[in-house]
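Read from first to last, the chains carry the letters A, B, C and D; within each, the first residue is number 1.
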Amino acid sequence: MADAKPYYAHPFDDSKLKEECGVFGVVGVKDAANFVALGLHALQHRGQEAGGIVAHCPDQGFNSARRFGYVRDNFTKASLMETLPGPVAIGHVRYSTAGSKGAVIRDVQPFFGEFSMGGAAVAHNGNLTNANALRKELIERGSIFQSSSDSECIIHLMARSLQRNIPERMEDALRRVEGAFSIVAMTRTKLMGVRDPHGVRPLVLGKIGDGWALSSETCALDIIGAEYVREVEPGEMVVITEKGVESHFPFRPQPSKFCIFEHVYFSRPDSIIGGQSVYETRRQIGVELARETPVEADLVCPVPDSGTPAAIGFSQESGIPYAMGIIRNQYMGRTFIEPTEQIRNMGVRLKLNVNRALIKGKRVILVDDSVVRGTTSRKIKDMILDAGAKEVHFRIASPPTAWPCFYGVDTPERGKLLAATMSEDEMRDHLGVDSLKFISLDGLYRAAGQKKGRKKSCPQYCDACFSGEYPVTPADMIEKGFEMKAAE
Amino acid sequence: MADAKPYYAHPFDDSKLKEECGVFGVVGVKDAANFVALGLHALQHRGQEAGGIVAHCPDQGFNSARRFGYVRDNFTKASLMETLPGPVAIGHVRYSTAGSKGAVIRDVQPFFGEFSMGGAAVAHNGNLTNANALRKELIERGSIFQSSSDSECIIHLMARSLQRNIPERMEDALRRVEGAFSIVAMTRTKLMGVRDPHGVRPLVLGKIGDGWALSSETCALDIIGAEYVREVEPGEMVVITEKGVESHFPFRPQPSKFCIFEHVYFSRPDSIIGGQSVYETRRQIGVELARETPVEADLVCPVPDSGTPAAIGFSQESGIPYAMGIIRNQYMGRTFIEPTEQIRNMGVRLKLNVNRALIKGKRVILVDDSVVRGTTSRKIKDMILDAGAKEVHFRIASPPTAWPCFYGVDTPERGKLLAATMSEDEMRDHLGVDSLKFISLDGLYRAAGQKKGRKKSCPQYCDACFSGEYPVTPADMIEKGFEMKAAE
Amino acid sequence: MADAKPYYAHPFDDSKLKEECGVFGVVGVKDAANFVALGLHALQHRGQEAGGIVAHCPDQGFNSARRFGYVRDNFTKASLMETLPGPVAIGHVRYSTAGSKGAVIRDVQPFFGEFSMGGAAVAHNGNLTNANALRKELIERGSIFQSSSDSECIIHLMARSLQRNIPERMEDALRRVEGAFSIVAMTRTKLMGVRDPHGVRPLVLGKIGDGWALSSETCALDIIGAEYVREVEPGEMVVITEKGVESHFPFRPQPSKFCIFEHVYFSRPDSIIGGQSVYETRRQIGVELARETPVEADLVCPVPDSGTPAAIGFSQESGIPYAMGIIRNQYMGRTFIEPTEQIRNMGVRLKLNVNRALIKGKRVILVDDSVVRGTTSRKIKDMILDAGAKEVHFRIASPPTAWPCFYGVDTPERGKLLAATMSEDEMRDHLGVDSLKFISLDGLYRAAGQKKGRKKSCPQYCDACFSGEYPVTPADMIEKGFEMKAAE
Amino acid sequence: MADAKPYYAHPFDDSKLKEECGVFGVVGVKDAANFVALGLHALQHRGQEAGGIVAHCPDQGFNSARRFGYVRDNFTKASLMETLPGPVAIGHVRYSTAGSKGAVIRDVQPFFGEFSMGGAAVAHNGNLTNANALRKELIERGSIFQSSSDSECIIHLMARSLQRNIPERMEDALRRVEGAFSIVAMTRTKLMGVRDPHGVRPLVLGKIGDGWALSSETCALDIIGAEYVREVEPGEMVVITEKGVESHFPFRPQPSKFCIFEHVYFSRPDSIIGGQSVYETRRQIGVELARETPVEADLVCPVPDSGTPAAIGFSQESGIPYAMGIIRNQYMGRTFIEPTEQIRNMGVRLKLNVNRALIKGKRVILVDDSVVRGTTSRKIKDMILDAGAKEVHFRIASPPTAWPCFYGVDTPERGKLLAATMSEDEMRDHLGVDSLKFISLDGLYRAAGQKKGRKKSCPQYCDACFSGEYPVTPADMIEKGFEMKAAE
């Protein structure tokens, strides 16, 4: 059931994968919600459609605010933030999920439940692969769902648990779910964080004054001046009060399968994953790419902004000068609301413009992070050729994206992934460029610090979108007809 | 847990009782939601804070819209109404409940639940007197409440029922609740209506073309051009499809106890209750009042607008000329949002002005519908005397309001009811008027068509607010410390 | 040139004449703008489309705010009112003028001009009958108009005057204009008020503490607690400072021609005109009407709300019981914005409902204030007959409206006035009622206190809308082709 | 006089100069306003506070819309754009002017005037240095100003001109004004463009289908797919109809003095000025800077985004690797509205974050475009040192900014310019960096294509902000007490 709402859409970014969420939580500081707002602002790249914050203070109990739009437009007004007092707060930013017919405010996390021993709020980054089955079961037993979100299952499972305290109820609930999840949650006094046994999605712990913070990425610790402490480990659940951090491991241990696409595209370049700068990994991808797929040219240009670090690396390794051949309009914002027909047809031009005087007569290498549907790549190629480039060579900082992600990333169905239906040469011809090369999976692993490349038997990362090897069986999707890759 | 929202308050109407809700539903017509919007507009006097509509159409399933503010400001825009297609729809208008710290959109009805055999939506006028106990029990079993509304219990009880269809689940649920309720509900294809066994709140059935309507009052049938068929009977549940109306009686029969205050104040004067014009009953109250409490004077003036029919009756019976001594500002609207200090202090003057040239030097009878806290009555008396009236006589079209209502009307706690702490003479002195008289309970019953007045043993109406005789024990309130009147 | 803006329209009031403006000003009190806001709220019936306030304080100079919508929705917020500090302020409420293709905020008064000796603001109720000619002349000399309002001519004429102070510049300007006007204006320290030589529109002076107020009507003095002092006289200009009121008479004396329709419909019933209660004049109209046009019937019902006082008088004189046969929806507000097709077609039903149980089988006299196009009258008649009335008799509290007003009232062009094209009997048949009678012009004058009725040679009022005798030649309209009544 | 409005401010960009305006106009295409909206979107960097569009179509005459906020948020909605039909349109984006107490919609251009031979609209980039004197004179003659903008003088001068057509009236008007201006203007059928005799501000001509466009920069021609034709020449006035472009030279010839800061910072890097890529000029500034002010270091990092091209050039010339040491939050937007105290204190951190893992232990060269007040530079230095950098060297892509601009750029008063009160060494110590070096004025000229550097006698550019040599005497400012540099 959808509450009526303004129409939002993003007609120009159709060929990028979208992270679905960022989470952030703070305990032990005055006006924790203010810190959460800043943290979410730093995580805005992980979800631009909507955001929510829940806070608790002893006088007023739980308060929440959930809004469509950017954090900076909603959660910065004193009038709103004053309604969210107290020393514990969690928050969430999100994209809309593929398939939902329209965004509704009820789907905006965190979710809240009042239990017999007090309330709890939960926010979640990832995707539960058995959510449909769980939902059906819960409805049959009389649970009433308020949203279409898979995450709401968690709070209902907690409500039905027979455990006597909330952290144990959460353990109970999480033992029923499958998939990828990084969770921040709160009770009246505690902040909690959990990562799934494979640790597919990131979650880090920071220290701020006498308090603590949990965040999807380190860049959000930086913005509030928190000190990075460590990553929450795969399968770990931390329960944090002002007194300190308790660590639990409620799940059966599993091999770690961190999402390699966080390195390629999702995470912010100033974040640190596994002790390593994301920016540096991306630059190194460019270095590997230059080694694997050299080409003679006059300029190396990034497709802004995500291709920039790899383009810098490519230039440094190849010796071909780095240049800003495509300029991004800083005022593009999220999208045009209710655009006129004419504007709808402008497409990528509203966002990007070619630096004509620079490009004219040149052989240009364009470095982009990935090719999903290929729509935008074709338009960019057209713009570059219109500006008089002599040759256009695409170099892609990830292997061909041939499989959908079921772990919290919004991917088109498999048939719409260019690499699922075409070979590299076919893609080159389809895009109409002089050459098109992707980094190899081994090269990507090397750039990410695995010197020997990818382990055959049990890869160090979740790379299902490239390899089709899914660490967790996507049960709901299989029931809907998705076919896994045949075992080799 | 309260979602942040603009602050709404009504500083100038503090001495009136407030009906909490109006309900309306339609089945079997194209774009049923449009009819519901019109019906709710006609019922706006029953609840001015917020409104909601749920509609179902086969293509899209259930859709809903819930908004703060007037129906005419929200549910009249084509852009919104187009999101509510389909041949079945129900709606609700409401006041905020006393005690809630602020209105939240989640508390706005109708409530919706997805059950294993399909969804249902429920809207409710009245109050469940055992809601706290039910809520506690449901939470302990793992239900998650999304609102602070007593009505949400109904949908959770339905979700947990083991019955195989929705009407039977609703019967199941309603057998667990106590109190006063008139409900409209809907499934994908059916419209349902229920009144509690005492029939405290009104609910009427109408016919519109090939379809059917349910409404709190007949005036809302008029606005959509529906023909009045009959009242839903106390304890009756009607299940309506395009094929017709099925009638069920799921409860043990009880004596009818329709709220007599609906006659005095709540219902619109152009509505018909029990075959009788509300306007005519009120005029007759004025006639009885003139007989019971005559006084010599120059003018009979209503306190606008609710005192008007009784003032007309008083004038006709007494022969003293009827006049508009107090003029109401038509543009007052609901209230001032964020008023300046100066405006806050203006109080009643923003709404009412004395017709000075008329009043000067006159002996004036003011006819008002009720006295609750007495605040406004004092201010009106001051205005009348400032304008040069020689004498001021208050005549009240209801008996002294000495007891709170627990059946869906927002009354102050008992200690704040003027009549709970003062005799009639003390009230007269407190208000500072030359005389103050109330109609007797017998007189009120006679005006309402009970020729012999009120039956001692089992009164024909619920008149608890005057008599302290509550037809349903207010269990939750007793647990909170409310003391019933000692049996005589 | 029109600034884009939301579409506002009033599809349901098409058969009423509309006053175009109300003006209010205060000097000599702290935060004068707050008093102006209250005054405008009390004058809202004179103009519901938009309102504006200009205030001056020594620190900040002139500030203004102009808004579409009701005073209560805009000028009551502390955040806005704080931007309008200072001891002098004037304000304006307005209807849109017929013929303007859409309302624009630039047309909302007061108008402001910066002159070499300091600024001035002007607000105006009425209409300048030579505005087109003046505008053309001013543009040719290099004045730039910011609005389509006739009133802007005044400020440009003032800007070009060679007088050395603002009151003298205003005298200069007003000697160039023709038509009907009641003006409030202000400089940095002075409040000014002017009425045209015929005194067509009202303007009254009040005292509030150490300060002074000017208002279109006395009801707006009441709301701020100001004492009524006197009317500004026809042709008088008052210049008010904290020290007192100076009186000037800059025009050649003319016979007084106050608008008689102010008595019939425009002014609020609680206002006092010429020492006489407007309510009492209207009641007296009903008395005269009952004498002039008696009819046998069961009930006298007003068409709410403007017909109420005359209906009371008719009932009192005729002895036929007064009753509320038609009930007005209090929540109708100004109009529906962007209504759905279905709602657009509901018309008058959204606003009025018949009291069916009362009307059924009765002979009903309906008292209305006027008949303009007749559209609403027909719909009301249909509603009454649908409800089962046996006979319907219309009694109209004004003579047939056969001529347009050019002095500040929004009337349809002559051809659309029912009385311009039909006799009384034809109108009766057109409306489909059992009888239709208007009060005579003599009867109206008697009700307004002229015992001998209307003077033939030089009527005491402007009654051009009934008689076609225009006290000021409508020059602009004659140039556009309007034909005056042939001299008899 | 200020209309009340929401508070907008930009607390975090206080150390950048701000261009005040961008202008764009189109004639000879269907729905010209849609093209203007796109052009303004591409020029948004020249003015982010507000935008306005005026369009003319034969049926409806002139229409306008003026809004606070981004073009993409206002001028992209079909509902608004439909109100601006017709084949001629002009538009404007603007910053607020220093000294204005708050932005008001009346100050938003284009300005419109109705003359005796038809209306005209005017939009202006630059600043009139004798506007105060002109305004005073015009007011004395009876002109009424609606804004506090210097640009409004032009339309009043046009209104008072005795010429019989609008282009000649504009010539008349412009011969009275002094200062820097690039104007686009329109009549009912013509598009006009003018540059002041020195050509301080840019204006280019483009061809789109059968129509023509005028734009502040070429990047806005690109977005609508228009072909770049040529620059409007200093002192030239073009009058464009569908038939073609007429060229007039109404002013006495003057040496060209194009603003050199357009090259350094204002213009977009993908624009072309004088046949040269702005990006390439900036890269070349980096090259010159590396030659003039070498330093040993590990990394060259831009201060994003304006320092990027110069940093690339510096790296290429010096051989020191280019790296993204500071990451910009893409979701920062214009600013926070009504921020909480806590957020207000965050300052630059909301916008920029250091790439900690990269910076730690490194000697870092930071390349920025300019130093104005130095506030942001200090904060950036602190962030870099907090992240563990070993050394910080600032290299600035412009000479020290020691003089305010009076030609349309919002600069602090002289006393607040760091370079006006400190030597380079004092600035270095004030900022607390290991070294601070600016490019020389000669180096800047060389990068801009003047091989021999700056001409002593008559410099090729306006470089008053660096040199204090003002090509047009700032008359108004001198009257307010500004002291010019003593002649050497």
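Here is the rule we go by: a contact is a pair of C-beta atoms (placed from the backbone, for glycine too) under 8 Å apart; a residue touches a chain by one contact, two chains touch by 3 or more.
Keep in mind the model is a prediction, meaning the values are calculated, not measured.
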Identity of the chain that, by mean CA position, is farthest from chain C: A
Interchain centroid distance [CA atoms averaged], chain C/chain D, Å: 50
Between chain C and chain A, distance of the C-alpha-averaged centres to the nearest whole Å: 62
Sites on chain D at which at least two other chains make contact: none
Pairwise touch network: line, ring, star, complete, or other: ring
Every chain pair meeting the contact rule: A-B, A-D, B-C, C-D
Touching residues on chain D, where the partner in the complex is chain C: 1-4, 54, 60-66, 80, 83-84, 112-116, 119, 136, 139-146, 155-156, 159-161
Chain B partner contacts - residues on chain C that touch it in the complex: 31, 34, 37-38, 41-42, 44-45, 48, 70-73, 76-79, 81, 219, 222-223, 225, 268-270, 272, 276-277, 279-280, 283, 305, 308-309, 312, 316, 321-324, 327, 329-333, 336-343, 346, 349-350, 353-358
